[in-house]
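Each of the two complexes below includes subunit A, the first together with subunit B, the second together with subunit C.
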Partner chain A sequence: MALTQFVVNGLLVGALFAAVAVGFALIWGVVGIINLAHGELLMLGGYVTYWLVAFSGGSGGGSIWVALATVPVALAALYAVGYLLQRLLVTHVADADLFLTLLVTFGVSIVLQQLAIQAWSATPRSVGAGFADPSIVIAGVFIPKIKLIAFFGAIALTLLLWGYLRTTRRGRAIRAVAQNPEAARLVGIDVAHTRAVTFGLSAAIAGGTGSFVAMILSVQPQMGLAYTLKSFVIVVFGGLGSIPGALVGGLLLGSVEELTAGFVGSQWTLAVSFSLLVVLLLVKPSGLFGRSVEEGEG
Partner chain B sequence: MAETEPPEATDALLELSDVTAGYGNTTVVHDVDLGVGEGEIACLVGPNGSGKSTVMKSIYGFADVFEGTISFNGEEVTHRTPQDSLRSGVSYVLQSSSVFPDMSVHENLLMGGYVFGDDDRAARRAEELYDEFPRLDERREQAAGMLSGGERRLLELARGLVVEPKLMLLDEPSIGLEPTYIEQVFDRIRQLNELGTTILLVEQNAEKGLSIADRGYVLASGEIKFAGTGTELLEDEEVGRLYLGG
Partner chain C sequence: MSGESAKATGSRSSLARVLSALSDRAWLLLGLLVAVGAMLPTAGLSGFYLTVVVQMYIFAVLALSWDLVGGQTGYPSFGNMAFFGFGAYTTAILLKDWGVAFFPAVLAAGPVAVVFALVIGLAVLRLRGGYFAIATLGVLLVSVQLSRNFEFTGGASGKILFDIPPENTFYYVFLAILAVEAAVALYLTRTRFGYVLNAIRDDEGRATAMGVNTTYYKTAAWMLSALFTGWVGGAWGAFNTFVDPQTAYNLGWNVELITMALIGGAGTVAGPILGAFGLTLAIFVVDTVFPGWQLVALGLVIIATVLLLPDGIVGTLEERAAAMEYYEMGGEAAADSSAAAADETPGSSDPDVGDPEVSDS
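For the complex of A and B:
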């Protein structure tokens, strides 16, 4: 029974991991940036939700509806942050070597962390929005309603992004830039703008996921790194640019982490994630470099 | 020594005068004078690296024009962007492969009409082009990366036609193709021209290119060395010796 419970817990958070990873893969695939500040964008989204709920007077037991209403705000705010980051900063190093882009995004992640600590202190904070009757029990397995909502929220964000890339004209432009930037320019796409929009979308999905993380777990200025790392593992597993791959990878990683926490001890989850990354890189380097970039393909 | 003969300026659809162009702070071509009359096929030939593609790119908005002017259809268009070019009826088929490999043939065609800002209009144009390119019709749902080299070329050509261009810039359309495909591509070019599209062609097979051209230009080291009708250049001894390998 414990096993089932751990797996269910894992799947519930795994959807959040998948959503963050999809954003991470998007910017990697389209702009060629491994964004080490991706987790910090999630952190910022979490704080947007935390403060909005706090200001609306609901901290520590607020209404779930207020908390959910903050999600679109986090999406919009982080979209703007992502768009500007690309336009003002990343664009200047995007065509430089990989090392430089890693350095710049690492720098951004440190700056965002420090700013968050200065502004909001290092204390973990939780929205604590909940239901009067918190859990559903199915065959002895507890499913907290709030986690179920976060689960579906994250899946919805992922599917929305997938649909956007697949079916809209702008989405097609994003895929075009990923596949052949010169040809994209040839057919009249504004490549710089499209890249910034892509960065915005990537940041928005991280921010939206951060909102859900604030609802079910907590937010803290240094929480980002773990999410960047998880994204990395998932993308390596699922293949760059594959949204279904990221979904499966996220759910799997969530399960593995919960099983580790449950049977071995929660201090081991990060170590297990790291080990998985190393093993994946050894046995499946093609997941990293083997495939041309494209979003949404099975 | 250059027997550069200026084109009949009045009815030229495209005209470059004294164009110096390149990339960033590198100058590649100098003082290029070139004209293409409405309804003509003009062919630009010259050795590798002489700047043929750069001339095309400076017309389309892919290279930087440092000096001189370019006019199209009676308007000055010197520093325009690819968007402007497409909207005014100029399209460009690049020398290097420019399909979107993981998109379907159909999506690639829709991208040809990206500047319309209207997918329905692009889709209607795509349907018309399927009638002209039945091979693409059969493969509409196939990923463009899976097409053969010749089919890819046809797709690039068709994608360039989505905007119904008045002028088409074709950069080495036969490069890397098997002989049967080369014939097909040249047939297409002639056909297009007969339907009224003006064409500026760069061709590494100079004889082939000049033989279908009304007007020819020989570019070497970034300068126009010879200009004349296609036949004149083909028959010119010096041109033949220096540039046609014969």
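For the complex of A and C:
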């Protein structure tokens, strides 16, 4: 019984992990940047939702619908942040040494995190605390409604991004830039703009996921790094450039973490999931669903 | 600049001459600086200012240790503070629970960190680029969590230490660690060992093809880096009189030490030390004038450094010297100058971390 409950909890949270990881993989695959500030973008999205709900007067007992209505706002706001980040900053180091791009995004992550502490203090905040939160009970397994909503929200964000990359003209341009920026430029794609749009999309999906995290867990200025690392674990597991791989990886990581928390103790989750990562990297460095960037789906 | 150096009649431009003169006398310079450092407390340095200088030494050791692997070998670790924490815990446990005397307790910190480094290195040193960087960051975060969970580390509340030596003793301990490490680094950059590390950074595949056992050299550099980081961590733990997961694996310092090496010039010996001294002072100033904002300032410094000065101060100076020589002396001096540059720091000064792939070794 407990086992099923833990796995279900893990799958519910895992969808959120997957959505964050998809954004992380997108920017890695297309722009070639390992964005160490990715978790901070999620944190900002979470605060967008928290403050909008708080200002609409519902921080303690607001309706789920108000919270859900803030998700598009978080998406749009973080899209803008991501677009500007690429245009103003990352583009200057995109072709430089990988170490420099890591360091510059680490710099961005520190600045965002510390500004958030200065502005909003380090107190964890949650919009979900006040929700009347009835659970659906299926065969003795409790599924809180809000978590179910967040689960489907995160899946929807992931599928939307996947569909966008597969079907739209811009999506094809993004995949073209990922494969070969030079050739993309030759056929008339504005590479700089496309990369900025990609960064915007990556940030938007992180921000949207942050909204859901604010609803079912909590937001806190220093939460980012853990999510960046989770994203990394998932992307390595699922293979760079594979959205289905990231989805499976996210659900699996969520389950592993919940099982660890349930059977061993929540203070061991990071150690367990990261040890798994190191083992995986050593055994199968291209990921379980791995494909190279060239033939990937963006 | 050009008017000044037009007067130079030798075969070298003035900047290049100054740099190579300094480099030729590196041992003398190091000796002089250590002597000056050793005299500071007798010249009246104490209290707050002594703490600032101690902090400068600590960060110089951290930055230089990082650079052995990150700058010289091209494996940018984002988890060097793990060794610092191992060292700090070793000394704290030996002092408090085992009743070991101060000096043996600090001395043991280095070898313990080396043992950890060997085990961790066997796994992570097989990764390259971004994979290596994030794996080391993960090692650091896992170390924090393990130290918090285990009983013998004192859990989340850590260990409080009593009966530690006076401040001046610590001053000399840190100065000695820095002096020894600077000497070792200086010596190694002029030996086969140092050249192999640079060769691994520039092209690991080719180094392997030439018959170099790169795994051996990488692991050795990584363990050397851990040795000094562990020592300085051990001494710091006692100096701080308090070791807990939050401070022993200080995540802010973890980024600071990389920034210091980068600002000064990764892949050089003088660069990380200068960067550490400068940035430590700057952080103290920011902390005094705008308390609570030092990490924001650090983030901005990192971004500015990467954008404006990716080769660091020492690296940029060397490049400038080579370029000046090329323009002033024409083609024949160029060969001369590159030979001189190779003298100063073997290889180029930009750490090429290569593609995020697993290495072939």
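The rule is simple: the second predicted complex is superposed on the first by the 284 of 298 C-alpha atoms of A that agree within 3 Å, B and C clash if a C-alpha of one lies under 4 Å from a C-alpha of the other, contacts with A are read in each partner's own complex, and residues count from 1 in each chain.
Quick note on the criterion: a residue touches a chain if its C-beta (ideal position, glycine included) is under 8 Å from a C-beta of that chain, and two chains touch if they have at least 3 such contacts.
It should be emphasised that the depicted structure is a prediction, and the values quoted were computed from it without experimental measurement.
Considered on the superposed subunit A, subunit B and subunit C are sterically compatible, since they fit side by side. When both complexes are overlaid on chain A, the residue A:Q179 reaches subunit B alone and has no touch with subunit C. Of the two partner chains, subunit C is the only one that A:L229 touches; subunit B does not reach it. In the superposed pair of complexes, A:F274 makes contact with subunit C only, with no contact to subunit B. Of the two partner chains, neither subunit B nor subunit C is touched by A:A2.
Of the two partner chains placed around the shared chain by superposition, subunit B is the only one that A:V187 touches, whereas subunit C remains out of contact.
Annotation: superposed on chain A, subunit B and subunit C show a minimal Cα-Cα gap of 16 Å. In the complex of the two chains, the subunit B residues touching subunit A come out as 62, 82-83, 86, 92, 94, 96, 98-103, 107, 110-112, 114-115, 117, 119, 145, 159.
By the touch criterion stated above, subunit C contacts subunit A in their complex at residues 70, 76, 78, 123-124, 126-127, 129-131, 133-135, 137-139, 141-142, 145-146, 148-149, 251-252, 255, 258-259, 262, 292-293, 295-296, 298-303, 306-307, 310, 350-358. Subunit A makes touch with subunit B in their complex at residues 169, 172-173, 175-176, 179-180, 182-190, 292, 294, 297. Across the interface of their complex, subunit C is touched by residues 34, 89, 92-93, 96-100, 102-104, 106-111, 113-115, 118, 225-226, 229, 232, 236, 265, 267-268, 270-271, 274-275, 277-278, 281-282, 285 of subunit A.
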